[in-house]
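Structure below; questions to follow.
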């Protein structure tokens, strides 16, 4: 689905979301009930750098400051963080983390946040946007990945064929929508054949109050150890409570 | 008198000079007096260099005439071909390009460093006809006998219009190369970083230099002698402790040369700590024939070192040496001067100990840095690491070693140089240092070399130090003892595990083999807190910020 | 991965009272050694996991020398190896025993 | 659990130390207790399929201890093991620790993260990435619950990728000269964008772009420590109890701080130019100067004291 089709499907009552400079998405969509959904995002695979973060974060802070409980939709198609000496020199990690923190604050301030991955999504840019929402959904064709296999082969110095073979069996490692769903990162995959406006309403109605991604990963068999380990740490920590 | 004419011979006695005049005439259009624009250098070389010439494209393990190398690699191989390259270092990719393109055919050299694998490939592909792999002294000596260059391409920091050259601390091979070429009617071309009205000091007089070109960028120098203390391991520190306690101290070694490995860097860095605690200051390691190793700075600053003479310079050490003229050899201009030929002679004749690392040692103590697919070259190690039979001055260390070698008192006392191999029993990727047979013997067979490349012959080696202990080969009386002494310090390599345990214990009882505990050293005490400097930044601190580390070592 | 399990009867118990210790890290050319005082006083078990194949005999030699030298009775010793050289292995084992000699906290 | 047998003074290099050595000297002597210690063998089950060795702690050590008598929770990454990466087990250990503090106000109200990490472990990329996202959310929730989360950066692997983002999600960051923060590592930028964009072997350049002094000067870290456990301890103690709340005002201030940085320094091509723009007269000398002199210099740099994050 194209971005236009997605937005039209989500907001049949209308929206003013446009792809602006830097391929940033900003705007508001109207739900069937008449209430607003605030939309931010990044489109066309554009890498997310410091210049992209600032307007997005500012918008999120404005929404949080304005009060109310309008949900936020974070729509992403990005190849990842911008790889440039300049961005790194200025502290890109702080900018990306800032955007994530703004989204988490908005959620805490009463604005439920939904991430929507419809294209690529990778690494630091993924963490700063869609992975910092209350619930992440995807459309078929989405390609979430930490790193593609050829790059991974270069970095790990492992043969590409070996990685390709392993990718077939190991969701904790293999790039792609299926794996990201199995490990619990993606809560739902929407069905493009069905009305998106209905599906977003369903998603909004079932937004979890706390982070359930580790539980989802365990349930779906993609991350079998994480919940147990985290629980063991917390359990052992509880012996050191102040009395 | 009838068979010979009574007058002077009718043959021409100045063909070389004539050839030189012809070449200079052909090249004149590309030069104004001695100056050549860098854009014209390839044309200049095509006019000057003739097929089959012996060419020294200067470059050793440190500085490189990199601009001239690149230009020589660009000449038309139809015009200039089959050159005989006679140079100490084959280090740049361009050096190999010459052979690939057919510009050069024959090679006599000393050191290859990063191009070792490429040389091996070129040899196998018959792109190179190899004369010999020399030691530095040997190659320099042959410049004056049968490998005199027709053309020398040299490199200096700056020149004046007369061609006077200033090499500064990087004098290195240049004086010997230029002397041999210039006085045998050859042609000398220098690349320089800048042209000045007056050079700070004349390292090479202008009348030995025919052309000068200002290169578009400064010549390359490899910081080959910089070892980051942060990478020194506990095992290397242990071997360093063993060397000091088991060799430097008992022999009272004052005059010495160190290799470039991490083990010897560790020795330098524990002089002010471990050796100081042993009370050895002033009694060992006072006079060095050594490049200006940054890791020597703490020992110098704590008053251990009296003087250092160097083969070449080291990147970033210029200001430090300028500020320490009591220690280093410096010119009237204040900057340090080096000379590889002099320093090699010094290392051969005027030191009592050489200590360095190697990749392989066999059961007779022969060592090599050549492997099946790497022609690494020797550099100076075979000279440093040999017992000079022409030495005639005595010292305590030398005489003690001589007594040990002789076994019993003789009417004619002789001395011995201490030649120490300091290694870890396994190298990178778990490759054993100790082997039944050296790879270089296989290599020599496969390349049809007349002489298998051996870095240090076993009969020159006096001691082998590993983390398992020290083997004193001077005390071995039979080849069998020697073999067990070597096996006895070879750790868990196949060679080491095949030792005769009883024989080894007997050798230990005779102190032919000494374990760390025999020397009062607990391996668990070998830790990094012994290093006087644990990082490059700390070396900078020790130097009072005079040392200017190369960018690739500046992790701050 | 290769897995090697060795068992020894020792002359006596390892000194000290520490229950467990870990020395070294899993990195290229390095290893971690986990020591746990959980066996009978004259027993020692060593388990090695390593990605480097074909060094069983070397491991056996290094560990046997270590056991002979230190008599680490009561110890279960577990090793994750990152391709360490035998001398590094021997050093870490010695460091481990030294650490176990300290009193447990 | 006892510490390694190697002598390690408080003056030993933080950069070169192991995670366990750092913990031992950072905290009050003998005060550290580890949760899910190596004897529980919580190892990665995934590395073996890549023929890579696992570690008994998966490179993440979590527990509690005391800092000058104050109870703290701590986590330390072992940068030498798989680059200190976030993976299924290592990520879950950290997550469990932070969530415990978030959920139980009777647990210590400070968490120290001794980061030393290249980011996400590629062999467990999805689990690692997701763990980072979970940890970031948990840090925010813990901060909102009044927990101070302080990142200490000075290890060999720095804090890159997900670790860089986690550091910047914390209440405060302590960094040493050798410490580095960033997102994409120099090697990866070089591989993808060419050596002209970033020459990863030029360490002076690498540290100029990502290193501790640059970070401290531009306000990318809130405190500067010398490369010793003693100095990290001192800097951390000074920050404890001063954590900003996690609220709109803080993030507004951070937005202004980050926008201001782009405005002031966005045109700089090199770190030296950036330092000059901040009023450092001789950047080269400032790079080489002793730590205390540098700390004094930072005090005069506008913006370096802005700790909104």
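A, B, C and D are the chain letters, set down in written order, and residue numbers restart from 1 in every chain.
By definition in this document, a residue touches a chain if its C-beta (ideal position, glycine included) is under 8 Å from a C-beta of that chain, and two chains touch if they have at least 3 such contacts.
Just so we're clear, the structure is a prediction, and the values are computed from it rather than from any experiment.
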item: Contact-richer chain pair (by C-beta pairs counted) among A-D and B-D; value: A-D
item: Chain closest to the middle, measuring from C-alpha centroids that were averaged per chain; value: D
item: Cα-centroid distance, subunit A relative to subunit B, in whole angstrom; value: 58
item: Centroid distance [mean C-alpha coordinates] between subunit D and subunit B, Å; value: 43
item: Centre-of-Cα separation between subunit D and subunit A, whole angstrom; value: 24
item: Touching two or more other chains - residue numbers and ranges from subunit C; value: 94-95, 98
item: Touching two or more other chains - residues of subunit D; value: 5-6
item: Contacting residues of subunit B [partner subunit C, same complex]; value: 234-235, 424-426, 429-430, 467-468, 491-492, 497, 523-524
item: List of subunit C residues in touch with subunit B within their complex; value: 52, 55, 57-58, 61-62, 83, 85-88, 91, 94-95, 98
item: Interface residues, subunit C side, partner subunit D - complex; value: 1, 18, 20-27, 30, 32, 34, 36, 49-51, 78, 80-82, 94-96, 98-100, 102, 104-105
item: Touch list for subunit A against partner subunit D, complex; value: 50-51, 53-54, 57-58, 61, 64-65, 81, 83-98, 100-102, 104-105, 108-109, 123-124, 126-128, 131-132, 145-147, 151-152, 154-156, 158, 166, 170-175, 179-180, 183-185, 211, 213-214, 217, 222-223, 225-234, 236-238, 240-243
item: Residues of subunit D touching subunit A in the complex; value: 33, 35-36, 40, 42, 45-46, 49-50, 62, 64, 71, 73, 88-89, 91-93, 95-97, 99-101, 103-104, 106-108, 120, 122-134, 136-138, 140, 144, 159-162, 164-169, 181-184, 186, 188-189, 191-193, 197-198, 208-210, 214-215, 218, 220, 246-248, 251-252, 254-255, 258-259, 261-262, 265-266, 268-269, 271, 274, 309
